[in-house]
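Step one of this worksheet: look at the structure below.
Which chain is which? They are A, B, C, D, E and F, in the order written, and residues in each are numbered from 1.
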Amino acid sequence: METKSQRVSSLKAGMRVDAAYVLKRKLLKKNPDGSRFVLFQFSDSTGVIGGILWDDAEITYKRLAQGGFVRLVGEVQTYRDTQQVRVFQVEPLEGERLDLADFLPVTPYDRDELFAEWMSHVDAISDPVLAALLRDMAEDEDLSWRFRSAPAGKTWHHPYVGGLLEHVVKLCRIAKAVCDLYPELDRDLMMAACYLHDLGKVRELDYAAAIEYNSEGRLVGHVVQGVEILDEFLPRHPELSRETAIRLKHLIVSHQGTYEYGSPKLPMSLEAIAFHHIDNLDAQIDGFARVIREGRESQGDDSQWTGIHRLLGRPLFIGEDRHGD
Amino acid sequence: METKSQRVSSLKAGMRVDAAYVLKRKLLKKNPDGSRFVLFQFSDSTGVIGGILWDDAEITYKRLAQGGFVRLVGEVQTYRDTQQVRVFQVEPLEGERLDLADFLPVTPYDRDELFAEWMSHVDAISDPVLAALLRDMAEDEDLSWRFRSAPAGKTWHHPYVGGLLEHVVKLCRIAKAVCDLYPELDRDLMMAACYLHDLGKVRELDYAAAIEYNSEGRLVGHVVQGVEILDEFLPRHPELSRETAIRLKHLIVSHQGTYEYGSPKLPMSLEAIAFHHIDNLDAQIDGFARVIREGRESQGDDSQWTGIHRLLGRPLFIGEDRHGD
Amino acid sequence: METKSQRVSSLKAGMRVDAAYVLKRKLLKKNPDGSRFVLFQFSDSTGVIGGILWDDAEITYKRLAQGGFVRLVGEVQTYRDTQQVRVFQVEPLEGERLDLADFLPVTPYDRDELFAEWMSHVDAISDPVLAALLRDMAEDEDLSWRFRSAPAGKTWHHPYVGGLLEHVVKLCRIAKAVCDLYPELDRDLMMAACYLHDLGKVRELDYAAAIEYNSEGRLVGHVVQGVEILDEFLPRHPELSRETAIRLKHLIVSHQGTYEYGSPKLPMSLEAIAFHHIDNLDAQIDGFARVIREGRESQGDDSQWTGIHRLLGRPLFIGEDRHGD
Amino acid sequence: METKSQRVSSLKAGMRVDAAYVLKRKLLKKNPDGSRFVLFQFSDSTGVIGGILWDDAEITYKRLAQGGFVRLVGEVQTYRDTQQVRVFQVEPLEGERLDLADFLPVTPYDRDELFAEWMSHVDAISDPVLAALLRDMAEDEDLSWRFRSAPAGKTWHHPYVGGLLEHVVKLCRIAKAVCDLYPELDRDLMMAACYLHDLGKVRELDYAAAIEYNSEGRLVGHVVQGVEILDEFLPRHPELSRETAIRLKHLIVSHQGTYEYGSPKLPMSLEAIAFHHIDNLDAQIDGFARVIREGRESQGDDSQWTGIHRLLGRPLFIGEDRHGD
Amino acid sequence: METKSQRVSSLKAGMRVDAAYVLKRKLLKKNPDGSRFVLFQFSDSTGVIGGILWDDAEITYKRLAQGGFVRLVGEVQTYRDTQQVRVFQVEPLEGERLDLADFLPVTPYDRDELFAEWMSHVDAISDPVLAALLRDMAEDEDLSWRFRSAPAGKTWHHPYVGGLLEHVVKLCRIAKAVCDLYPELDRDLMMAACYLHDLGKVRELDYAAAIEYNSEGRLVGHVVQGVEILDEFLPRHPELSRETAIRLKHLIVSHQGTYEYGSPKLPMSLEAIAFHHIDNLDAQIDGFARVIREGRESQGDDSQWTGIHRLLGRPLFIGEDRHGD
Amino acid sequence: METKSQRVSSLKAGMRVDAAYVLKRKLLKKNPDGSRFVLFQFSDSTGVIGGILWDDAEITYKRLAQGGFVRLVGEVQTYRDTQQVRVFQVEPLEGERLDLADFLPVTPYDRDELFAEWMSHVDAISDPVLAALLRDMAEDEDLSWRFRSAPAGKTWHHPYVGGLLEHVVKLCRIAKAVCDLYPELDRDLMMAACYLHDLGKVRELDYAAAIEYNSEGRLVGHVVQGVEILDEFLPRHPELSRETAIRLKHLIVSHQGTYEYGSPKLPMSLEAIAFHHIDNLDAQIDGFARVIREGRESQGDDSQWTGIHRLLGRPLFIGEDRHGD
């Protein structure tokens, strides 16, 4: 496959295609003679293109699920002034680890650098047992791929591929500065909280063709799912003290800070209250900044205010750039 | 040991003691000659008795933890008109499964019958995989002992040894009646919810010398702990469908029905909403009935009302017995 | 009149009509010669049909109220490919007790059987004075007709003719099972509460041409209206103890359980708290089941979730049928 | 009886007593010879005096209820430097209409003048049917006695005999001024609301020996009780339009303005919203003024602030008298 | 300029125009020859008229701001059956004090009479220092013009030019009646509160071309802005006691009565609680009356109810006119 | 005066005293011969000592106010085994700027260093007009003395002399780190917010003999008082843009983040939301750390939990020191 070089936006009539796309839509149609064919829409992060398959229509139609990844083999044609792919072959891609950034919006930061930064924080942890646990999780192939791919949310903050990783790394930077100021804080626990608190989001959200909460995410939720992931790794680190394990779980289950945001426990340790506020700080700055940026774009040059935001229930102030000339 | 026959209330001067008690208190004292001795208080569900140890005072003192169970060997004496035990030997009892009913308030029902009733509900479950899972949990030695011992709460409802078991069985009875009325409800899931929803309480509460929330219970909570217990058994039942597992977890994490009562998720399935109300029904009837019963006792014959209840913020109506003679 | 045999859906050109319908709409029109005629829409639970009246147009127009019942005499014609009724005579039907099930959606249960079941619960009441009161209410011609006709609500639960009766009978079944489990509960009061708690709905809602809250219902509400109905019957049963009367009223005024749902009093007796939860249980199961059923129909086969429900603020889980094959 | 001249504070040794008092306490005691006697405490609004009865002790003891009114015949003696009454006869006073002002704190205003003012407002009502209804209620012997006696509350505002009447009259004065300003308001309904909105308090509170909520008051509440009283008079005024009756009931059931203060309906008519605010205005000024007055007395001259008020959750500002010299 | 006589609704073809209008819209257009012209819309409270300018198009276009006042010199023409103004000259009007009533909806009361009434209340104030302060503010040219022009709100109550003044005067009338009833109230402070509590609205709202919250109003708010205005005048009245100044500020900052309505302090003085309720009374009656009036107009003769009001979340009762014939 | 060397804890019999103390208590007493004397209690941060004055008792008594500072001249005596001061002279100290640290608990940090750190942040501000404003405020003699003396609160966070300064400096450090991470934030405004947001506390709290909210603080509050202080300095910096001034005020009035904590406005700019969370972070860490520290001290070595905290409504976790040996 040539996924990287065959982005939708660069396809041209006559090109032979062999690449991975999202199967956005499929439609089984009937010819006048009663035979069948399939109309498709394929997409990646650069655009959408139609496709048509004449052979094995019904079998292929049934084998494919809308919203999934497929390997598409075919040739680009022009039909009524529009490009489409004459499909030779289209196969579901399962289990394969595609780079989601090819298909969805993605963090503006380099994910390798973000991940390296997280690993440097792990290396700086003073408790060797805790460091080993976190390194183990970071090096787990499946978890690590998901951790680098997951968004931090569906709409409010860091809602794109790599958003969770970006959120974690930004939290680490704030946490570091805060721990420098408040020596009472246990720095190891704070760093672990940056990584663990939202880790359940790798399971709560689907982020293939689109970013969506899945059934398990809606019914169980990333708070409990985060504890479950931690529980899968704890047996491999029996030297971790029972109190440390409980403290880590408390940081996960209390991080939203209040019941109404879905925390089953209120923060009851110093690290829990500090982490809750740091998390809120990063999430709210990212969310507000996005609303203001989009407001500036959509409201036109003159406007000082965004529209009333649905979740916030109020408009935000754009104002003028105080340092512009 | 002769625990059953040597209850604190039946000890008499001259009796030789060899039984299990709660070590309620220990105090290291100094003789005028500089030597040490230890004063004790031992208790069971029938009362408290003092004790004194002259030999190996410091070593023994250090080996024992207040609030734990001990095997006490000694002789009952009378000292200044009061009975106390001259202690010969006192050893911590760890790991041993004592019958907590000997040491704490206990359900008025027969726990063997309650447990048998629960097993009969398991037998009636139509999904053989789910039945196997629940049977597996019920037959696990450690979990089963805890399930039969745990209270359902510290103060509000069923706050005594066996309270959780009693609560589960009462829920099963209501659930059965409700499933008969509403065939849309999945009876298997409802029965499983009766058992699973509060199962985390076997870990959230300590119930040895007294019923108390422990640190893990306060920091993590029985909702998440319940999912953790389930997760420990699920790998042994791989045939259980993924959707069923998620539905079971949803029943646990949504059973309080609202965020402010500590549920990280609101009920989103038919069984979840039905179970939440059944659970509430049993808990509230048990709690109200206790408040009214205690009010009748403490307020005197004439009073129609209890005092203002601290949690409810209002008095409850006692009234007259409509059918009394 | 031949209402039962002349449902709108079975009318055919040439048939002579003499039956009761809802007058859905009336429109006074002018002929080119200045004379008047009236266009109508008539409906029952099976459909809508137009009508036209040439004689006595203005007088008839004024005498009829939209939304009321009428006796329609006429003949079915075909006009521009559509059936309509040539109206000979149309008279308001007032005071007559029509079977609302002919005009509105209706409970799937047999209302005679439901009513008989309620009477059997009355017969089982052990307090003869209370039983006499409830029998008296059940046998009151006007109240009884209304009780059998009223819906239990406008949208959320049992929103159809006979819905109140169905709700009462289902509550009785749960209440019976619950009273078996908790002997502290006064069974007679619980049964009376099933009947009385929502009785005000026979006055709060109009349920002729459509189910709607009427002005008295909006301004006074079924809670207070229920007490008023009870007060109309109490003078005929002076032997009923004052405390019993007060307890019955308390069950009415506290049944929603919280102030914000419109109860002027919180539950303060054991029966009040138990009844509140039983009522909630039946109402919520009925409401959730309806949302899930409609979601399954409207969202298509594949969907696991309903849309976000306006009142609940969240989607509900449809899932798969665990026992389907 | 000589109740007016024989107030507790003016009793002197040797006086013969024949007057009405509250029986505050009764105690059946045994003589060394096995015979019985009764110790009493009698009170009125001026103080408390003890009493002793030697004859027919048990029979008398049983016949009397603590907290009720009694006719006391006896003689004042001095026993161990304290005055007490040697009781000859003590009989329960039932059904008799005592002047509660002799026994409880009372409004500082003249109740006859207040009542006359209320009647003048009735006379000014323009709707003759409504005026007749209100006059009928005002002239009902039992209701009128209760209306002149009832407090407006237990602690917050106008908590004394005649408090309800005083509250009604003050509301009428504000309502009059407000109706002058807003001609859209229906003046008749506003005046009726002043009288009716709290009328249920004549039944909700007991105000004999002390001001207390009674069982019916706690379980049913003055909102519903007010509608019940109105319903008892409506059948005698069939000419009153149905809409007016509903509007009057709406004014009663919505007068607290919000659900959490116990209104089952929110204000939905112009008069309802206006009345709610007028009622609040009078109640809050009376309540705040009382707290500030008591604060000034209890905190000493210098203090600018009352203590933190239990219900308000904050201290109130006393400050200096801006116009003092 | 002839603003008063040249209202938009009275302009006729051939008339010469020289008057002030709101510049509702401006549009720079290009002629086929590349030259530019400007299309305008001008408005006042009577209507909207188009305009066209051929000369100095770009310069003029840039100098004018939409939504501002302009002096328009031109001639009325008819173009394609529609009147428009051939513009000779159009200049921004800044700093000039126009009568906003010519451009926006206005109070139905005579503003000179309202203002005179307010001054009579100032004259009646007994504290000469406070009276001097209020007179000073009333006589300040800029503040006084704004006070007579400002609306009391954007939508809910008195939302038109002169609305603030009308609101103040109505409050004074109620306050006077209330002070007559409760001599504990400091009448001077109550009158000052009527004037000061919403004074910040002269800065919070823009009320030129339309009534809108401005940036300062949204970011700082009329509560704080009111204190700022008061602070600007206080230095000129150093004899005012410190306590009086604080009491005045407290009346401003607590007048909404609760935190959630934007008061940073809860009422803590007798005047503060009384004023809060008076303010609420006037605002709510005005708001409800408007909703009912508009409901009667928009719902048709028959309807007894308004639609569900967006802010109130419920419909209001219109009912019948009890005194109509 | 020798305040620094004559701390209460170092006074010894025979020493001559001439120093400043808080006059904690005064009591005018009568000798048997009718003459008067005064008993005193004097305090500083090290302790309390009694005093006695024989001459000019009544005049002196009247001239002094409890809770104020006094200059005390006298001699230390021993009377009945207790030290007391024979008072020669005692004068109120008004207007003088004492070092409050001598009399009240004080920040553990060096206040000169803290202040210098704040000035370095001012120097780093890039907008010269804003820097000039802040420098002007910092150099104002009165404001500066108050800013260095004020606590940040009465009980929750930084409740000691210099607490406000410490809080500001800690906020600056976090703000700096946060601005490094989020370049969208206006660093100048963030720094100004650190200083301005709580500046009203220099007026809201009295902090002489004890830390207490004063009347102005309770009635107006530090939010509004902060804007007032800013308004006093703005006229001296007319070049500051209107938008910047409004943004600064918005940062003050929205810093608590929600209405219920007393903010009249919710955060509506990016800096406002960021600052709110930073402020919360520092306040909560300081508050939690204090509760845990005091819990560790008061609960004894073994305890893992503090008691239930009155404001938080829950206990906090102490746990073990993860890095202790």
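One rule holds in what follows: a contact is a pair of C-beta atoms (placed from the backbone, for glycine too) under 8 Å apart; a residue touches a chain by one contact, two chains touch by 3 or more.
Just so you know, these numbers come straight off a predicted model, no measurement behind them.
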Each chain counted as touching subunit D and subunit F at once: B, E
Residue-number overlap at the subunit B/subunit C interface, same or different (half cut): same
Chain pair with the higher count of C-beta pairs in contact (A-F, A-C): A-F
Relative to subunit E, chain with the most remote C-alpha centre: B
Angular offset of subunit C relative to subunit F [C-alpha, multiple of 5 degrees]: 180
Geometric centre distance via CA averages, subunit D-subunit B, whole Å: 49
Averaged-CA centre spacing for the pair subunit F and subunit E, given as whole angstrom: 43
Per-residue multi-chain contacts in subunit A, two or more chains: 215, 218-219, 243, 247, 250, 268-269, 315, 317, 319
Chain pairs that touch, as defined at the top of this document: A-B, A-C, A-E, A-F, B-C, B-D, B-F, C-D, C-E, D-E, D-F, E-F
Residues of subunit F touching subunit E in the complex: 215-216, 218-221, 223-224, 227-228, 231, 243, 246-247, 249-250, 253, 259-265, 268-269
For the subunit B and subunit C complex, residues of the former touching the latter: 126-127, 170, 173-174, 177-178, 181-182, 184-186, 188-189, 241, 243-244, 247, 250, 266, 268-270, 273-274, 277-278, 280-281, 284-285, 288-289, 292, 314-317, 319-320, 322-323
Interfacial residue positions of subunit B with respect to subunit D in the complex: 304-305, 315, 317, 319
Subunit A residues touching subunit C - in the complex, by the definition given at the top: 215, 218-219
